[in-house]
Amino acid sequence: MPDLPISRYPVPDLATLPADIRARIDEVQKKAGFVPNVFLTLAHRPDEFRAFFAYHDALMERDSGLSKAEREMIVVATSGANDCLYCIVAHGAILRVYARNPLVADQVAANYRKADITPRQKAMLSFALQVATDSSALVDDDYEQVRAAGFSDEDIWDIGAIAAFFALSNRMANLIGMRPNDEFYLMGRVPREPKPKPA
Amino acid sequence: MPDLPISRYPVPDLATLPADIRARIDEVQKKAGFVPNVFLTLAHRPDEFRAFFAYHDALMERDSGLSKAEREMIVVATSGANDCLYCIVAHGAILRVYARNPLVADQVAANYRKADITPRQKAMLSFALQVATDSSALVDDDYEQVRAAGFSDEDIWDIGAIAAFFALSNRMANLIGMRPNDEFYLMGRVPREPKPKPA
Amino acid sequence: MPDLPISRYPVPDLATLPADIRARIDEVQKKAGFVPNVFLTLAHRPDEFRAFFAYHDALMERDSGLSKAEREMIVVATSGANDCLYCIVAHGAILRVYARNPLVADQVAANYRKADITPRQKAMLSFALQVATDSSALVDDDYEQVRAAGFSDEDIWDIGAIAAFFALSNRMANLIGMRPNDEFYLMGRVPREPKPKPA
Amino acid sequence: MPDLPISRYPVPDLATLPADIRARIDEVQKKAGFVPNVFLTLAHRPDEFRAFFAYHDALMERDSGLSKAEREMIVVATSGANDCLYCIVAHGAILRVYARNPLVADQVAANYRKADITPRQKAMLSFALQVATDSSALVDDDYEQVRAAGFSDEDIWDIGAIAAFFALSNRMANLIGMRPNDEFYLMGRVPREPKPKPA
Amino acid sequence: MPDLPISRYPVPDLATLPADIRARIDEVQKKAGFVPNVFLTLAHRPDEFRAFFAYHDALMERDSGLSKAEREMIVVATSGANDCLYCIVAHGAILRVYARNPLVADQVAANYRKADITPRQKAMLSFALQVATDSSALVDDDYEQVRAAGFSDEDIWDIGAIAAFFALSNRMANLIGMRPNDEFYLMGRVPREPKPKPA
Amino acid sequence: MPDLPISRYPVPDLATLPADIRARIDEVQKKAGFVPNVFLTLAHRPDEFRAFFAYHDALMERDSGLSKAEREMIVVATSGANDCLYCIVAHGAILRVYARNPLVADQVAANYRKADITPRQKAMLSFALQVATDSSALVDDDYEQVRAAGFSDEDIWDIGAIAAFFALSNRMANLIGMRPNDEFYLMGRVPREPKPKPA
């Protein structure tokens, strides 16, 4: 279905984009083999594009007590709670690849309590979902429970900040009707995938 | 109450901060007469600080069909829905100043339907609140209603993107227990305020 | 903005009101320096007016284990949960005056968990909010938690009954579109206020 | 089950009560043949008792465009939404008697949309339930819909004020664990009931 | 009111029904003295009728650690949560008969926490209501709490499966507008009822 | 991960099962190439097993105005709303196969409003989701909207009854912790699948 719109907004011609944005898009294209639609659709607003990906990278690429797969679990679980099609599908793919596990993304998107993950990861997702859905009710006891699962205060910032960033991301995707690339649906489900790139 | 903590996380010594962050903080200090705590508390993570304020400025400083006061109304209304103390108090102050109206912020934070604002602004806030609280349910009819109130498609992106960005901001403030500066509470309530700076 | 309507219903001419109601209004006018709109708007129905203020006074003026500021905290916190503009603004003013604290009302209206109040007061507001929003789920354990914070059974009646009375009051204000007087917004925020009167 | 407590709070000995309260209780006893527990349990606080019944009578005994049965429908429907056992059972009995209909109370308590009532009454209950559960969202259109069903502005005040008063009443009953008298359960279900008294 | 429709769908003439369905209906008619409308209305789809009552009987007639009255309590409590008029009224009648208690059905339909039932039964209903309203959040701790109240794992299956079956039943009744027979409202409220049949 | 439990309850040895149940399981094994865990786990209670699959077949195998793919869409969309891992994964697979569309199941599970389906199918899912999540609020207007999308009254029964049956099924799967077979996750995503069997 190559002709379905990927955004409610105009998608810029790559040739017209500022050089830094084009470079970023070229880079992801080379690594993933295609351009995830989040890059094309957000490029409609270059300044917001730059801030969005700078924020994304600051959280998702930094050294952290959370593995990259764990960070993607947070994305998939909170995007599931927000019913964000783009983020569930695109980050589900990335999660499968990072975790080398073809099942975990569908599990976490549906109900992390039933997923094949560790108790530590369940505590992480429980905290992340509270940030995503009811952050004003956070009290000391919530921090202590996630600390008791082995997370440092900096890890907790990571958990909460990823949930917060994808609160933004989910709303932008829903706002503009961002369509996930068809390529994401199968990625990481069968052996010997080409190496993906985070979207 | 100068000794109450302003964050659950360490607040960096200004002298230790990277030069660009220090420069940004110096600038806001000069204009506002004090440093809003969002700058001090988020400086704990310089890369996230940079992305956060780049995103903020991209939305709140750009040329837009929305006035600066209208953009702050979106911040205050959605922060009210998310029970975010920092954002209600800090952006309530900014809204009072931009709108030159000492009442509107408390009205919009409590219930925009009862606020002294125009029908156009009520349509704007209705759409913003749906992005903030139930973005996955957005359908064509919602866009048409806000268009019927006189907003262009780019305005609608602004409305939704501000609601989305403060979905992030509210969650970060709740996560780290960000405390609003005492100065914000009175700002814009009495005549002849010194010029404020957005926080 | 003196010409905005203060009710969806007719506001009676003071001269036409029964003597006891006029006396009550004269009294509050003398003490506060203005007539809070709740008096003018509810006077449309004299019998309901009399019962309303009799109930109010029975709870808010009685000897109690709760200070007057604590009782107003309950009003502001539960009115915040009910998004009642009139009660947040009017009782926020009274709370600031009784507590001699210019910040606490905005804090409690937004999120009592972040307010500069004691753990005892947080336990009080947690119980009050359950009465306000989910009273049918009250079980023994809820009473024990608020008792453990130092409240007697009579105090607990006070907490719950104030939350219950303002469940009524918030709904009446929302029903008739009761507008808060402009005077309330600034009251208690700057030193040397004239003595207020509860509304 | 005569020994089950009717309140979490002490129930005063009738002999110790102020004369006006005793008189009110004697009167209801004579008419109904028993004393509804709301009178006994609220008598623990005489001033609140007086205000409560003054408010009740002001709304439920006044001349109104709503019949007494319609007013009790509002009580039963909103008490159903609030899961208030006392009010559903006691006012269900009164509704059956006033409406001379043994089925309507159970219908309205469960789901007014399926009840054997008129479209006008369904519009009335729809408005009442919005006041009971989401009064801050009331907008002009809601008033117009209930007006279109034939209600005057004064009728609308009655509808909303009854919903508001029982928001208080439901919370008080839940707070103190008010137990309905066994007599209410059967009242109005079989022919030739003795004349009841509102509780 | 004998002429009110009992379903939004055609109600088949008994003579036209398959023999096994007619036999089942004749049997319930003989025992109860009337045909509960669930039999008449679901007979519109014979295969679904057969599966529905086979499922009902498998759960409600089997040997179980739960008494028949306890099973009906689960039906009434979860149907109350789902606002299902047919099931509250019909199974409320059956519960009164099985429990030989004229009060318990109205109590459990309104708020099981206030009902005259045992702590064990309250634990049972708490678990049943979680299955009815939030089954995806079930975790080990929920099972342990209901086990601690004295229920075996097979009992827990019964509790959950009854809640699950009436999740179906409530939705079917709401979908087709199934009307409870007038006979149910009074059944079990006065001494010496004729023996009823489960509906 | 072949050793993870597929149920909180004992899974019977096939050899011990009644002949009719064994036959049913053999049949599905032959057609699908494996035994979906719903058959193995529900066989713990043979009578409930028989009723469950009789109900399933009565709805999912009957002649209907809804295609088999449309019926599976209802299952996937309502199971998504109920966060039921087993049903999302197993019926997602069946939907992909029936619809010959590798993308539609993930879309409908996340947010049917964004799925590549027809307006008629969106109207169908909107009605199904109301039955699944808020059936007591159904009014005439809801039926008229789905009729306006081209559905007959019998189709509407099908839509609602499938939503109702999976309300049961989702709760049973969540109750017993039913684990989806690994085979489902990939089924229908790549060309030339072997023919599946409904689970």
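Going in written order, the chains are labelled A, B, C, D, E and F, and every chain counts its residues from 1.
As a convention for this text, a residue touches a chain if its C-beta (ideal position, glycine included) is under 8 Å from a C-beta of that chain, and two chains touch if they have at least 3 such contacts.
The structure presented is a predicted model; accordingly, all values stated were derived computationally and were not measured.
Asks: What is the set of chains touching both chain B and chain D?
Replies: Neighbours common to chain B and chain D are C, F.
Asks: From the centre of chain C, which other chain's Cα mean sits the farthest off?
Replies: Result for max centroid distance from chain C is chain F.
Asks: Count the residue numbers both chain C and chain D use at their shared interface, divide by all numbers used there, and answer same if that is over half, different if under half.
Replies: same
Asks: Counting only Cα atoms for the centres, state how far chain A is from chain F in Å.
Replies: Chain A and chain F have C-alpha centres separated by 28 Å.
Asks: How many angstrom between the C-alpha centroids of chain F and chain E?
Replies: The mean C-alpha positions of chain E and chain F differ by 24 Å.
Asks: Nearest whole angstrom, what separates the Cα centre of chain C from the Cα centre of chain E?
Replies: That pair's centroid distance is 45 Å.
Asks: Note the residues in chain F that touch 2 or more other chains, in rising order.
Replies: 83-84, 111, 136, 138, 174
Asks: Graph of touching chains, which shape: line, ring, star, complete, other?
Replies: Contact map by chain: other.
Asks: Touching pairs of chains, which are they?
Replies: Pairwise, the chains that meet the contact rule are A-B, A-C, A-E, A-F, B-C, B-D, B-F, C-D, C-E, D-E, D-F, E-F.
Asks: Give the list of chain C residues in touch with chain D in this complex.
Replies: 8-9, 44-45, 47-48, 50-52, 54-55, 57-59, 62, 82-84, 131-132, 135-136, 138, 143, 153, 157, 160-161, 163-165, 167-172, 174-176
Asks: Flag every residue of chain D that touches chain B in the complex, lowest number first.
Replies: Residues in contact with chain B: 136-139.
Asks: If we count contacts the way the header does, which residues on chain A are in touch with chain E in the complex?
Replies: 111, 113
Asks: Can you check the complex and tell me which residues of chain F touch chain A?
Replies: Residues in contact with chain A: 1, 4, 80, 83-85, 88-89, 92, 102-103, 106-107, 109-111, 114-116, 174, 177, 179, 182, 185-186, 189-190.
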